[in-house]
Amino acid sequence: MTPLARRGAAALGAFAVAVVLAVFLAPRASDAAAVVVVAVVATAAGFVGSLPRVRAERPALARAMLTVVLVDVVVFATAFLSVPTDFNLATGAGMAIVLLGLSFLTGASGQISIGNGAFMGVGAFATAIWANHHATTPIVVTLLISVAVGALFGLLLGLPATRLRGPYLAGMTLAFAVAFPAILSSFSSWTGGDSGLQLPNSATAPHWLVSLFHAGTPTLTTDTLWLTDVIMVATGVAFFFMANLFASRTGRAMRLVRDNDVAAELVGVALPRTRVIAFVISAAYAALGGALWTLLNNSVSPATYGFALSITILAVIVIGGIGTISGALIGGVVYAYSTNVIAWFVAQTGLNPQGNLASQLNGIIFGALLIVTMMFSPLGIAGTVRHLRQRRALARE
Amino acid sequence: MDSFLTSRIVSDILGGLTNGAIYGLVALSLVLVWRATRVLNFAQGAMPMFATYLGMGLLSYHWPYWVCVGVSLVAAFAIGALTERVLVRPLYGKPEINPIVVMVGYLIILEAFAAAIWSTTPRSLPAPFSPIDWQLGGQPVGLSPFSLFEIVTALVVMGAIVTLFRFTRLGLQLRASALAPEVSRLLGVRVGRMLTLGWMLSTAVGAVTAILVASNFFTGLTPQLMDGIFAFGFIAAAVGGLDSPVGAVTSGIVLGVILQFVGDYLNSNAIILVALVILIVSLMVRPSGLLTRSATRRV
Amino acid sequence: MITVEGLTVTFGAVNALRDVSLRAETGKITAVLGANGAGKTTLLRTISGLVAPQSGTVSLDERVLTRRKPEEIARLGVGHVPEGRGVIAEFTVEENLRLGAIVAKVPLEEGLAQQYEAFPVLGERRKQHAAKLSGGERQMLAMARALIARPSVLLLDEPSLGLAPLVTAQLMATIAELCATKDLTVVLVEQNASSALRIAHHAVVLNVGRVVADAPAPQVAADERLRQYYLGMVE
Amino acid sequence: MAISKWRRVATAGSALLLCATLATAATSIGDAGAASKARAPKVPGVTARQVTIGATVPLTGIASSGYNQVAKAANAVFKYVDSKGGVNGRKIRYVLEDDCYGTPGFGCTGVPNTVTQTQKLLALPVFATVGSLGTPTQDLVRTLLKKNGVPQLFVNSGSSDWNDPSQYPGLFGWQPSYPVESKILAKYILSTYANQNVCFLGQGDDFGTNGLAGLVAGGVSPVVTDFYSTTSLVATNGASIAPYIQAFQNAKCTVVYLDTIPGATDAALGAALQLSYTPHWVISSVGSDPQTVAAPFKSLGVDPEVGAISFTYLPTPTSASPWIKWMYKVIQADPTDFPGFTSTSPLNGNIEYGIGFGVAFVEALKAAGKNFTRASFLKLLTHSTFTQTPSLAPLQYTPVNHQGLNAGQIDEVASATSMKAVSNTVYTTNSKNGPVTVVKRLSSGIPAWLR
């Protein structure tokens, strides 16, 4: 069988499975039709995107197709999952966006930030504050505003960061993360102090969108689902841009900076500028993730965006694979489901779930994973998988 | 004269010196590790916290106070040595983010273990001296025997470290190992041991700090004891320059005094914000610290 | 006496030294010559334990040095003045010397006095930071720092690098004198072959990690082929 | 060059088009999911033999000391009831999720926020959340729980946010609201410390602002009012409180009113001790539990809290209330969560609190009968008055009042482990400008089925 034929067969098989699933699981004809649309788009995109010729000659198109497939599959899946699972997935997707930004910062410029939880908070609060003052602004616009505010903060902190090397930069971002909730609290007339803010309109779908796509008024559950899907699409768009950025000239220049900044300077890379750009992009991504969390939670509080979150972000990206795109996505999944897994584990051990040890297991496991990952496989799960595949490929030759 | 000594400004200065002494000690312990091994130790608060639990926990078995302090220091030496040998040694020569991440993981683990073993309920540590301010004419002067003890301890520890580094054979080897490990080895210096010793010293300085903190702020000994203090200590170390022990203690003390005035005259919720601004501004002016001699970057 | 037998050192896929054997006699100067990248520095670093060889042994008199740590080898009496001198710029002259005396068996004050006598310029500038010294003075300091420990072997890596010809000549004279009076085993790595050959008793020529000549110094100096192809000494 | 540029534009365009298709498909799929999710069990979290309820509480982090016992004490009640055959044949399963009070701090790494933890409870599913802790944390999940139709019962906080039946019909408080408490304390201040300077320190959220509002409504106008931020408190190990106390001393306040959590109470008392500043302390019930507050001072030999005035809506452990004996019995029957608890162990305010709302829940469940739904349960609750309950005065809900308790008495910190009643008069008032009056009808003893 030629590779082309094999791909074609696989795509057809996936299509068939999707249609069967759709017919059995969706009770109404219109839903079945929607599922079929998704299945067709996914299958076609997957087919086109995986063609070797497309991948070689039109990498951006291939990446777009890959994005579509990923998002389609997840959105397709969410329709059949329970509401909390959806919520977990959406939370993880928001986190994945943050991780994409951090991964880019580290992977492309060799810098590390321990303050991305605070940048998330910037986006989260920007959304809440804007929505409280301008309730009629479409959600997409509010999101864009939040991203811009996040980027601005990134620029403010990134300017001194251009002159700092690793540990100083890490320390400065750490100080920002520690200070951030207290800063929010001291501007309480804007931020609601320690109590935080509620979204005024409870993040209902914009009416034009609802009337366009939903038959009646959205029910409680569809409301959540709608948000989940929006977040998935946002994650897809963020992923697509990041994938292009990694492959672009800027991305290459940044990797050069990471590997050898003296050499990079010699070949004409403007060091401070590249560092600032990387920092700003990671802050903007973090802000988008935070803004989406605000929509998802309907509310925002300073304490959520404290130091613990920044540390958790660092932990999940390291476990997923810092500096890689797939690592960010894996990290998002780890974030979404790790506590469930740990809770399950606690149940298996028979420890008193309210006891000292059980309530600290989260920390013990996360800490141990961080150390073990950095010691034995610094590129995390993504790096390990890549390594194993290369080894297998070598063994085949 | 009495009214001057009990005035707001004087009591702010004295209170600031007390807090600043603690910041300075944390900064000093960071500098010790940084000089020895070029690692910014994010577990710098958690390691001494653990040692303090091990040592001062013996108080509940009615061990004498100073013996418990001694045990804490010994525990700190052991934790410092073990950490350097097991966790840090494999990281030399790796990209600079690796030790950062590992030490963050270590911090998480240490705090989780401490909470799992000793719970998060604060433990009360007796202060060796009265924590109640002296009075003049019925007015407190902003200084208690214990806070004086804190300031003196900070200065003594700094003095001891400076003496060790400047005037002893061991200090010479410690400095040489940090500055030029390869050359030092060629001259017969047991560099590995010196690096370990750097971590041991740093953890011991940390343990002194942790005991003071746990006895001082009426919050008792908790697993998160050093979290906030660490941030201020780092700011002091970064402003003073990570290479300079004297700079670290000095800027810690200055930071303490400034923040005391901010808390008193501005708002105590603004303390952290001001500290952050000080950090950012000073790093913009002198990226390698205000009080270091050279601003050259090591390649 | 330093004996090197069948030494092979590789860095990744590159062979830095291939089956190198040589012998540096006590009280003699053995020059190791060769072009840039011939493996001279690697040879010295392997002798003093900084580089672990793939195979082969290094011995000091009867004692095997291979697989010992550099600090142990230093304590056995091997002094190594590294390329670029390795003077600690942040230290004062005296601190550098005190560091050198860590492994010394004689009292510190006695050792310092001796070195200040041998290198008066260092005595004059003992409180100054090494960063302020000139190239020649730094080389003096590096040698004094190695000698204060009273080593039986002195490994010198390109001592003439970056020095003016006159200073180089002076330095070579000092080395020759030291070797004669203290019964030192000197291994002198040099790219500046002519000045090294002037004082050396024996010479080994390396090319791409291999020994291409091992003979008394005058003989090497007279070999037109060696001079031309490996030592770059074209008149 | 020009061609490749066009190619890029075309690629980007096609990508966007795909995303748009996707959004269309995604949103229409929502309906499919909704339909499939509609076939849920009749009463979520309720089976023939078990009722599952849950709460988010701080088991780790800065707020965990003391507060981590509250829900465990409630659970002790449920275990005790279960051992007697449960309520209407059903046992109660109480699931606690740690949310670390949402506070920043290294100790809470890997602990998700309140929203995520609440989602986990929804996934179980739970019939209701009962006794979740914290004003800011529970504010965050009000909408979420409402959307999912999950009752949010007996929130562990005295904020007036829980009393908003028109917006949140499923939301119920339990303890007296902060304004009620501070108004009753204001009456005490006016009568006992007439014409003295009062200073106020409150938490920088609803807790502090509601408390101050009640104090002012009660006729006390503090000469200095300050609000601390919990995040600063955490970051400075309590040192951020000291300047406020210094300011109070400078203002010559002889009465200091604290609306603080225990950690902040400690910081305030400690700072005053250092300054040899000895005002009359009046401390909200939230932050006055003697045992928790005394912990850091244990080795000093002084407990600066002794003599402080506070407020309680539960019987003091030294009182003759039959409930106190019962509480000891319940806690001693649960050695898993309370190891080493004996008849001589001090019964602290946190344990009493947990038992208090635990009993309230089992009584409500008992009243709801064998067959109930979320709607019928809530309807019953809004028309209930529980007179046989641990609180001093009966617990009452009406369709327009979801606050819960609204009465209590003044008590005084007698030692490092106990409170004593200043008098046995129980007062009540409302959150607005109503007068403070004496409650005539107090709670009676323990119902037979609970004994």
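Should a chain be cited, it is by its letter among A, B, C and D, assigned in written order, with residues numbered from 1 in that chain.
One rule holds in what follows: contacts are C-beta pairs under 8 Å (C-beta built on N, C-alpha and C of every residue); 3 or more make two chains touch, one makes a residue touch a chain.
All values derive from a computational prediction rather than experimental measurement.
Counting steps between touching chains, the shortest path from subunit A to subunit B takes 1.
When the interfaces A-D and B-C are ranked by C-beta pairs in contact, the top one is A-D. Comparing mean CA positions across the assembly, the chain most remote from subunit C is D.
Centroids built from CA atoms put subunit D at 34 Å from subunit A. Taking the mean of the C-alpha atoms as each chain's centre, subunit B and subunit C sit 43 Å apart.
Inter-chain spacing, taken between the CA centroids of subunit B and subunit D, is 37 Å.
Averaging Cα coordinates per chain places subunit C and subunit D 76 Å apart. Under the contact definition stated at the top, not a single residue of subunit C touches 2 or more other chains. Under the contact definition stated at the top, the residues of subunit B that touch 2 or more other chains are 107-108, 111-112, 115, 227-228, 231, 269, 271-272.
Of all residues in subunit A, those touching 2 or more other chains are 178-179, 182, 185-186, 307, 311, 315, 359-360, 362-363, 366-367, listed in ascending order. By the document's touch criterion, interfaces exist between A-B, A-D, B-C, B-D. Subunit D contributes residues 7-8, 11-12, 14-15, 18-19, 21-38, 59-60, 68, 71-72, 75, 96, 98, 100-113, 115-117, 119-120, 122-123, 135-137, 139-140, 142-144, 147-149, 203-206, 227, 229-232, 235, 336-337 to its touches with subunit A in the complex.
Subunit B makes touch with subunit C in their complex at residues 169, 172-173, 175-176, 179-180, 182-191. Those residues of subunit C lying in contact with subunit B across their complex are 48, 50, 69-71, 74-75, 80, 82, 86, 88, 90-91, 95, 98-100, 102-103, 145-146, 149.
Looking at the complex, you find that subunit B touches subunit D at residues 8, 11, 15, 19, 46, 59, 107-108, 111-112, 115, 120-127, 131-133, 135, 140, 144, 213, 217-220, 222-225, 227-229, 231, 260, 263-264, 268-269, 271-272.
The touching residues of subunit A, counted against subunit D in their complex, run 25-28, 30-32, 34-35, 37-38, 41, 45, 58, 60-61, 64-65, 67-68, 71-72, 75-76, 78-88, 91, 178-179, 181-182, 184-186, 188, 193-196, 198, 202, 209, 213-215, 218-226, 229-230, 232-233, 236-237, 240, 296-299, 301-304, 306-309, 311-312, 315, 338-340, 342-343, 352-354, 359-360, 362-363, 365-367.
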